[in-house]
Amino acid sequence: METAAPRSIRLSALLTWWPAWLLLALTAAAILAPWIAPLDPDRQNLLARLKAPGFEARGATYWLGSDELGRDILSRLIYGARVSLSVAVLSVLLSGLVGVAVGMAAGYLRGWTETILMRLVDIFLSIPAILLAIITVAVLGPGFVNVILVLALTRWPRYARVAYGQTLAIADRPFVTLARAMGASPLRVLALHILPNIIGPLLVVATLEFGLMVLFEAGLSFLGLGVQPPTASWGSMLSTGRNYVGSAWWIATFPGIALFLLVLSANLIGDRLVDRIGKGR
Amino acid sequence: MLRFLLHRGGQALIAAFGVVTLVFFIQRLTGDPTALLLPETATQADIEAMRATLGLDRPLGVQYLDFLRDMVTFDLGRSFVQNAPAWDIIASRIPQTLQLAAGALAVALLIGLPLGLLMALTRGRAVSRWIMGLVLACQSMPTFWSGIMMILVFGVWLRWLPSSGTGTLAHLVMPSIALGLLSLATYARITRSAVLDELGKDYVRSARARGVGIRRLVSRHLMRNSAIPVISITALEISQLLAGAVIVETVFAWPGLGLLTVQSIAARDFVVVQAVVLLGAFVTIFANLAADILYSVVDPRVRLEGK
Amino acid sequence: MKQTMKGLLAGVALAVLATPALTTAAFARDITIDLAGEPSSLDPHMQWNPDSYYVYRNVFDNLVTRDNAGEIVPQVAIGWEQVSDTEMAFTIREGITFHDGEPLTAEDVVYSVKRITDPEFGSPQLGQFNQIVDATAEGNVVTLTTDGPYPALLAQLVKLSIVPQHVVEEVGAEAFNAAPVGSGPYAFEAWNRGVDVRLTRNDAYWGEAGPFEAAIFRAVPDAATRVADLQAGTADLVVSIDADAGAQLSGNPEVQLLSAPTERVGYVGLNLDKPPFNDLEMRKAASLAIDRQGITDGLLQAGEVPMSQMSSPAHFGYNPDLPLFEYNPEQAAEITVANPDLAGTPATLATAPVFDQRIVQAVQQMLNDVGFNVSISMTDMPTYLGIVRSEPAENSELSFGRWSCACQDADGIAYPTLHSDSSWSRVNVPELDTLLEEARVSLDPEVRQAAYNEVHQIVRDNYYLLPMYQAAVLYGATAELQFEPTANESMFLNRMSIAE
């Protein structure tokens, strides 16, 4: 049936999945940044500060204007996609891996392992994220890698909760007990029999978390704990730009739109997945 | 019921103990407040003297034992920075935090629930998709951005609302919306799926077949039966609203606990940080406990058990 | 609409009131001031930070004060005399009363000195006053004894607030902090912790009374919100904004920007024990690479002035004849090209969020443009302080800082940043130590000035650290507020007025 669907339906399917195309386009821009960015994103020009979009200086055009240090907003936006996207992807991966491992171990092994691991989850859930952020930066120093660490540290318990609940629900199913009876090691059972059956809800969580991570990175930048200057991230551009809303609207507007579209796309995709795969959280 | 409460209460105490112990030690890895307390011209000797005054020169183990002894006697200690008991400082922030959390929750519930219901009833139609898009858009903006935009539009340009600060109900409007928008989508989504579940059930189908109007169904049955997931989410949201309002509080100069936490960490005011964290841990744990108890009230089929 | 209605009503009310008593019309006004943070203390003998002293300096009188021009003038003391190398006698003004009606006496002055210098009391300001070893009162004369000749004594006493002995002893330090009683132009009314501090005018004040009936100090941590408050009319005066934020206010006839050069000096600290800046040529290249004029005029734009010494015109000990540093990136590049390995040594520039990140990023760019390899390390304030005060081996290669001693004397800025004893200093040059010590204890202004001139010259010749500029302070205010900002960043309500 579906293969024979008329052209117009395929087109509308393409359109309804615009968030996915947008994400792909942003990823492509991030990867190709050195080739498509018109100017060096960190190149300052104190004589061309806060210039409006379309301004020309030294033979270069600032298509989206310049920021408080005379840097090209368009180039920073393109390079900033690298930071915003990779922080989000890597922190989702890291927190997902840790959280799922902990949750599955607790749900499958039960007993003391369960008690200790799940209490640990509770403890991490009740420490303010900001406290963890400041401490991580103070102990390990600031930087790209540590931003990811901070985000992973604060978010892994969510995955652990979901993985734990799902594992509990599945661990007693016949196919699992059968595999166990046939002498499969716990690791094998978890990886081959349980994980494939619980991955759906976890993917949903991961997609929704992706958008959140982009926002969290922006929040860390706002609090001065984000990626180190002069490296551009959308969050840092937006948090600087908000001080210029009345005098140079373009500094915050463009990263604001980019960030909004990115998070909205992730949220919309997550929402579709919720409908398709299951309720998730 | 009593056994359940004792069991959960015991677990809560252990978790809270774990949290404060963890916080006690890790924050001491990050330096101490003396350099910030003293003027720039202070010498190393001045710093040592201040450390001794604050009791930070003692071995870590001794400090920890002292801290535990104070905890047992419900003494939260004195702020290093503000020269006042930590509890007084925290207590002054609690009303503000509760107001903001209540305001945000009201925004999220009053807008989120009807929207969720509407989406469920218009399922499959374009309206439903547009509402969902709108709801998701609400939580796709960083609050430090949407907050200042609201201030500029409603505070500076239109002058409908006070631009920042506390005091009147009008002050509460913008921070509540900024914070509530984040939870709104969660509520809308949960309500939608819960109502959809109910709509698929036999009693609803037969009622509809009998000609019972949808409005009557919603008010009589659907809302009540969809309450459980909403309650459990509320428990999670409350603890997040109480602790997670840092950015909203910063932008709107709202003197709540989140802002206090950040400022205390920034000043290395260990005593206040410990106290806030302890309070936060208890709130988180008891919000979840309250949710469990409420389930059984709303839905007598749910029984409370020790495990 | 609502605003105009309010304006109309206020206008009518004013017209009615103005008929019988024209002069008091302007007095029926409050002032709301947005600070960046809540005062951490209202007890003037506890913390010394701007958010605290903006408030408590209006509640208390100090032994002496500085006028708007920066001269030390009488306040509680009407006169003083250097009795010997280590003794100074102050004549106390009669007729000052505390807000509870009790008179301020010489004993209160003695008590205040002893309180703040008592190590048991643990004042964070102890280090600024512990050269005072004794205080005695005889009639209305208070004699202070120092542990040696101490030329900066008067400059420090500008910060000594007089507290009432009878109140402090009766209620204790904690209650006094919560509800301070002073003798200043404004009396404490309420401290809604976390929200605001309210003061009311002391109509019995011995000196010039303030123009406002009441003053409300609020804590508004976000600079963008402070600017918005001013635009919305919910604040009359806001602190801690930069010129770029101020630019948003230009063209708005209801508000104005007020600025003044301060006694803060912005500088780049160098680690003299680590490559690349253990090398004189590299330090010179770094200095040549930094466009100080470009930073002050093109970037900061609030009235900052380039400096080549760890002092400013607001300090005693400033040398106006010392030439500025040269800006010559080509010459800097020649130096680094001659030794690319050394210049390319990775160097970290330590900074904290409180500093203006525009300057830090501009400095990094300028240094890297000529061949250095600098990266920025921004950490929160306590971590930053830990880094810049650590031993040379753990210290960063570069650090950005802004220094103020609130004493307007070169001793308070050159000594801690250049003397080998100080934990802030990464300089260890015996010749400098000798000069700084000489200037610290001499009572002869000419001897001191000569010593500081030499210090500034040595530092400049050797690039021991890189002074950058004299910082400016910028306030946003409603158009009708008349307020003259000062170098020591004080905010005396009774020196303000309202334009009709």
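Order as written gives the chain letters A, B and C; numbering starts at 1 within each chain.
The criterion applied here is as follows: contacts are C-beta pairs under 8 Å (C-beta built on N, C-alpha and C of every residue); 3 or more make two chains touch, one makes a residue touch a chain.
On a predicted model such as this, the values are computed, not experimentally measured, just so you know.
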{"item": "Per Cα centroids, the chain farthest from subunit A", "value": "C"}
{"item": "By count of C-beta pairs in contact, the leading pair of chains", "value": "B-C"}
{"item": "Averaged-CA centre spacing for the pair subunit C and subunit A, given as whole angstrom", "value": "42"}
{"item": "Subunit B and subunit C, separation of their C-alpha mean positions in angstrom", "value": "38"}
{"item": "Inter-centroid spacing, subunit B versus subunit A (mean Cα positions, whole Å)", "value": "22"}
{"item": "Residue numbers of subunit A (touch at least two other chains)", "value": "134, 138, 223, 242, 245-246"}
{"item": "Residues of subunit B engaged with two or more neighbouring chains", "value": "30-31, 148, 152, 250, 266"}
{"item": "Set of subunit C residues in contact with two or more other chains", "value": "224, 380, 382-383"}
{"item": "For the subunit B and subunit A complex, residues of the former touching the latter", "value": "11, 14-16, 18-19, 22-23, 26-27, 29-31, 132-133, 136-137, 139-145, 148-149, 152, 185, 189, 193, 239, 243-244, 246-247, 250, 258, 261-262, 265-266, 273, 276-277, 280-281, 284-285"}
{"item": "Contacting residues of subunit A [partner subunit B, same complex]", "value": "119-120, 122-123, 125-131, 134-135, 138-139, 211, 215, 218-219, 222-223, 235, 238-239, 242, 245-246, 252, 256, 259-260, 263-264, 267-268, 271, 274, 279"}
{"item": "Complex interface listing, subunit A residues touching subunit C", "value": "42, 44, 46-47, 49-50, 68-69, 134, 137-138, 141-142, 223-225, 228-230, 240, 242-247"}
{"item": "Touch list for subunit C against partner subunit B, complex", "value": "2-3, 34, 37-38, 40-41, 43, 46-48, 119, 122, 124-128, 173-174, 177-178, 192-196, 218-222, 224-225, 228-229, 231-234, 380-383, 385-386, 389, 403-406, 412, 415-416, 421-424"}
{"item": "Contact set on subunit B toward subunit C in their complex", "value": "30-33, 35-44, 46-47, 49-50, 53, 81-84, 88-89, 92-93, 96, 148, 151-152, 155-156, 159-160, 162-167, 250-253, 255-256, 259-260, 263, 266-268"}
